[in-house]
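Just passing along the structure, written as structure tokens.
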């Protein structure tokens, strides 16, 4: 999971708002355009500003998608064609933004994060969407998105898609539904982690749990404000969202809340797993120390006894170590040692230190 | 407890809303139907769509229950008979949904989780309920439910049951009351766990606590939104719930809140138990280390003394180990050793390391 | 402290609401009745339903108290006399209820928990109170309550007590004031626990802290909804509570909030005490391990030296253990050993491992 | 810091409200009185009730301050002069009260806690303040307060002080500003504690942290409701607070919030310090165990070797311990031992167990 | 990071509000002044009060900035020129204040914290801003600020800057944007800390984490109320902020919320890092104890065997230690010892105590 929460500033604070500049690491902009009504569809790759202007004038609905934010001139030009407010233009090009919906005179402006598959994991890229009465305008950080099914639906039939607000809803819905595979991805990761901790807890698990925790935290910071944004879009009294579409936005909102519920349950689960790891480690340390104590407790007295009879007292005195001269001294001592060791073992077993077959691998 | 919080997606994000498809692992649909007024009752097993349409036309109230969601065609047909909105149809077939109540033009749509007994445990299955002026429509994931008492009440007397909203309330009430045995189930589990930890703490307890915690967490995620839903149904100004029934929904809401209260107290209790386990384990490690220290502290000096008198210095020099030649050297040394050990034991007893009979099994 | 949060169900979910049945373990019902105006007072023990009906008709205010919920027939009869809604009747007999206030057509219905002294501890029993214009009706689980001072005040003078709402307030106030001795009880318990942990931490303390924590948690779950209930009663615009009495209910509310404040501070205190216990135990383990390490570190090298000079190398070779033959070998070795031990002790003292007289009993 | 959260009940619950009785441990009451207008000032020590009545009648503003609550008769008399509601009288004499502001017909009644210096620490004593159109009435638990600057301002010039609400504000402001020195006091304590833990962590620190935590908790329980009270006083639409004074109360409210902010930051700081202590202790235990392990690991093999060559096998067999007869056996063994010990030390240094000069004192 | 949350009081509580006095450690005041309209600009360093008065009268907009709060007389004079309320004057000179926005008759008064670079770190200094219809007045604790870009914009073109509210917004925006570099600063610190803990956990890391935690906590206490303040300024219905500027304040608010989001994520991250540290330390202690146990378990039995054969029993008895006389006694014993040690090692490897190459450095 790659995502950033923090914008790297190249400027000093205090610059004028509305200044436009490509974000760090931006890729070249690719423009695609759909213009359609119920009957006809015109799909243009890389239209010129003039072409965009012309199509906007002649069709009831156009959707312009810009992937890549490097060509600031082009983006500014498009901004002018659709009469975008300078603050919105600034927000499109500043990454990262907190998810939000702002109302302007001629359009609604929404900015949020979109999870796009990236190798075996996911990247959260910023997406801006503006829609007015007859246009939808989207900006993505990189080419490659999750809107192909929407494009397919436009190509196949445009009955429902003929309003700007419904198209905007369809795109938003695709973005929100795109979070479910991410949740599945983390579900699998958590299952693997739980399995690992229960079979063989190693330090690596803590690092993985730490990493998953941070990624879930970043996800939550990205998705949480989206909840509010969708609610604003749904409830807001504005001229851009029809009441028909508001019913569908209710569905969107349910899904965002569900994603957040799942995220929260995962966060609790990670915490639970680190606790489980910790208590497993403690238990094992306990076992190790028990082994140490048992060995020490058995062999120290035995060694002491052996030490006693290794002393060099002058046995010519009858009081000095008469045991050494006894004909059965050695076997008796061995018997005493065996009895001592056995007694210890029985005692430890009664204390429950031995043979609680709770952990196969101790 | 079996339940899922996460929907496995078979589709790519971006598909059109309202598309209907059987959920993964769905079982064949079984339809039962009640049609009745105050005087008469007609109960039909597996009615055809035509039969449903006929009964709906001719009776003041019908209740159609569909168990199993595999027969999408049939469900779609029923959806058409009752004029269900496409978003509601989608929600019925998508599992899991977050509990919610949505108002549509001709009916209220509620979706929630129902706890059904399953072996010695419980399963949370999704239940959808739609009710309008003259019908109640319920969809369950599996056959086998907790509505038999409601059916019995319909068969015996229909005085109160003659309104759709009251029937819907009775079903909802049955679902909510169905959570109390689940709570009892967990109460028993927690009692057993507490008993186990206090008598013999083993690692297995942590795993069980971890499992119970996760299950309670899932339960909470399922029941929490139900609270809001019942409140919406109770307070909402809609034409489907009469003020008479609202008084009964107040009772429902009290029960949901009580279930959530109990759940929260259980969650706190699990946390308390893991803390108790941890501190018990720590205490025992402490005891083990004390034993190690006592044994070491007693025998190390004794072994050292024995080692001293095992040295081979040339005793022909009067300065070298004169003790060895003394006639009472050995008994004196043994006495010194015994005195040392005794002194140590007395010291440890005064430190409180010995004989605090706090734990019978140490 | 005895209390239950969870109702044991004898019925299957789905039964009709309003069904009346004695709770598990109910004791026989004892009825007492007060009927009075400013001048006169009639006090009846165990009135018959007819007597109740007669007094209700003839007096401006009656208070009927039922202790014990076993005689369902009698309770049902009384319910009919005062025209109690079937849902309220059900709540009176179902234990436990969450504290709440419901408004019905002819009365306010409040249910809450009352702390009654029980041996050295307290029991939380459920109390239901209904009051209309000219009656107050109370139900308790068991005989023996905390209303004797209220009865005394009725017997002595009825100037203020002549309104149903004020009598209800007086009873509620008695219930809420009854929580303060419970708080004192826990204050004493916590003081004793703190004292115990600071002087001699044993595992028993953890169990006691665990028990107190659970009891405080149950108390909180019982009292928390009472706060809301009193607020509802105070602010609610209903015909049963006069504005004069609302001023007094404000006082009640202050007291409930104060009880909850104290409860919260106790919960934090228990947590603090378990932390204190834990850190004390850790400190002691630290001390024990220090002793182990010091003893081992001092005696291992000494024993090694003794072991060296206990070896049996052939001393006829001048390179083999010439020390053994030296005339002062033994005293020199002893001096070396003493110097080593002393050096170790000085080193440990400089490390701060010795003699930090922080804990008298280690 | 001395303060109580819990009232010790001498009465049984159920007594009538408004009963007046001196709190436990009350000190004799001392009355002081200020009566003034813009031009004149009369200051009376210990006025009789008649004197109070006379001054109240003749002056536009009087301030009566009662320190000590033992003389219930006098306090009741004063209550009658100013026509105080019986519930307010009860609250004045019951300690402790939760901070609150109640409106009565002829005055506002505020009760809160005041921090007065007491030796090197502070005591929280209860203060009640009532003010109407032409009077301010204050009750304190003990003589000695923080109002001398206010008195001085009255004596020096009364331009602003000529309204009851402004005088009440001035007193409240003095009380709130009186919390800042308390905060400083705890700041110093926390600084000292942090210093102590970082240089030499002993168990005493945990006890001090525990004590500070409890005191901050009690402070918070006392100040938190004050926030609400000041807000009520500021926003409340009543005839006792003029809009001019409301501007000043806004300032009061800012200060209360600031005190609470600081309190919260201190609470987090105490938690941080106990964590720091815990991790320091753990680190040290780690160090101690490392020393133990290093010593054991080095000397156990050496002692074993010495033990081998102390065995008494019959060296007449050429297979039995030929080393003992070798002319360089002893020096070779010593060299082997030295090499082993050196190897171990090098190994431990490479493991990082030696010489991480992180802690000067280990 | 240097900042204070707590004001050091030099006065006793109870002093009159509105008294003016330089804060502790204040530096001499430096005044700069901008007076401009669309066409002209007059910039004055250190204007006299008369000059300020004159420019205020003759220009449509003046901005007076005072850096350093030591010259109380001058500040009071400026306060009089702009007719500042006494409470505002007091707040300007009392440090620290909680961020807030107050409305007065002739101006809005905002006070907040500004992060200024200070060596490699940042200082939070208090800034007060007042703006009315034709003036903006700012007070800073120290010279050196982050407003140079704003000054530059005024010098270059004044089209947008010609209104007081927009200038105030521009200054506020500069302050809020000034927090982003601080966030970056902490991001770097946290990255370094995480790297450090993962490669070599030492106690120093805990201290650094503790320090970062406290600084983030102080930052949060400073920025949190700013959120509310900006919201008040944006939504407040006052005559000082035009609706055009409100759109820009919406942008400000987004940025404050973003800063707070990042702060919260950092706080969680610090907690995660201390947990990671703790579990790494525990893991290492576990490893150390394992080494101890392995060494002890291998060598104790071996030493015991060596001790046995070092005993001096009289071998003239055939029962006493016949092994010593056996011709292959010694090599057989060595073989037994080697087998024992090998068996132990194999056992430990099977327990998983050896060779889990999880940590390179153990």
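Going by the order they are written in, the chains are A, B, C, D and E; count residues from 1 in each one.
Keep in mind that, in the parts below, contacts are C-beta pairs under 8 Å (C-beta built on N, C-alpha and C of every residue); 3 or more make two chains touch, one makes a residue touch a chain.
This is a predicted model, so every value here is computed, not measured.
Path length between subunit B and subunit E in the chain contact graph, taken as the least number of steps between touching chains: 2. Residues touching across the subunit C and subunit D pair largely diverge in numbering: under half of the numbers involved belong to both copies. In the Cα superposition of subunit A onto subunit C, the rotation angle, rounded to steps of 5, is 145 degrees. With centres set at the average Cα position, the gap from subunit A to subunit B is 25 Å. Chain geometry summary: the mean Cα position of subunit C and that of subunit E are 40 Å apart. In subunit D, the residues that touch at least two other chains are 282, 285, 289, 292, 296, 300, 303, 307, 310-312, 321. Remark: ring traversal beginning at subunit A, heading first to subunit E, gives the chain order A, E, D, C, B.
Within the complex formed with subunit C, the residues of subunit B that make contact are 146-150, 153, 160, 170, 173-178, 180-181, 183-184, 187, 198, 247-248, 250-251, 254, 257-258, 261-262, 264-265, 268-269, 272, 275-276, 279-280, 282-283, 285-286, 289-290, 292-293, 296-297, 300-301, 303-304, 307-308, 310-314, 317, 319-321, 351-353, 356, 358-359.
Against subunit A, in their complex, subunit B makes its touches with residues 5-9, 12-17, 85, 87, 97-98, 100, 102, 200, 202-204, 206-207, 210, 213-214, 217-218, 221, 274, 277-278, 281-282, 284-285, 288-289, 291-292, 295-296, 299-300, 302-303, 306-307, 309-312, 321, 323-331, 333, 361-362.
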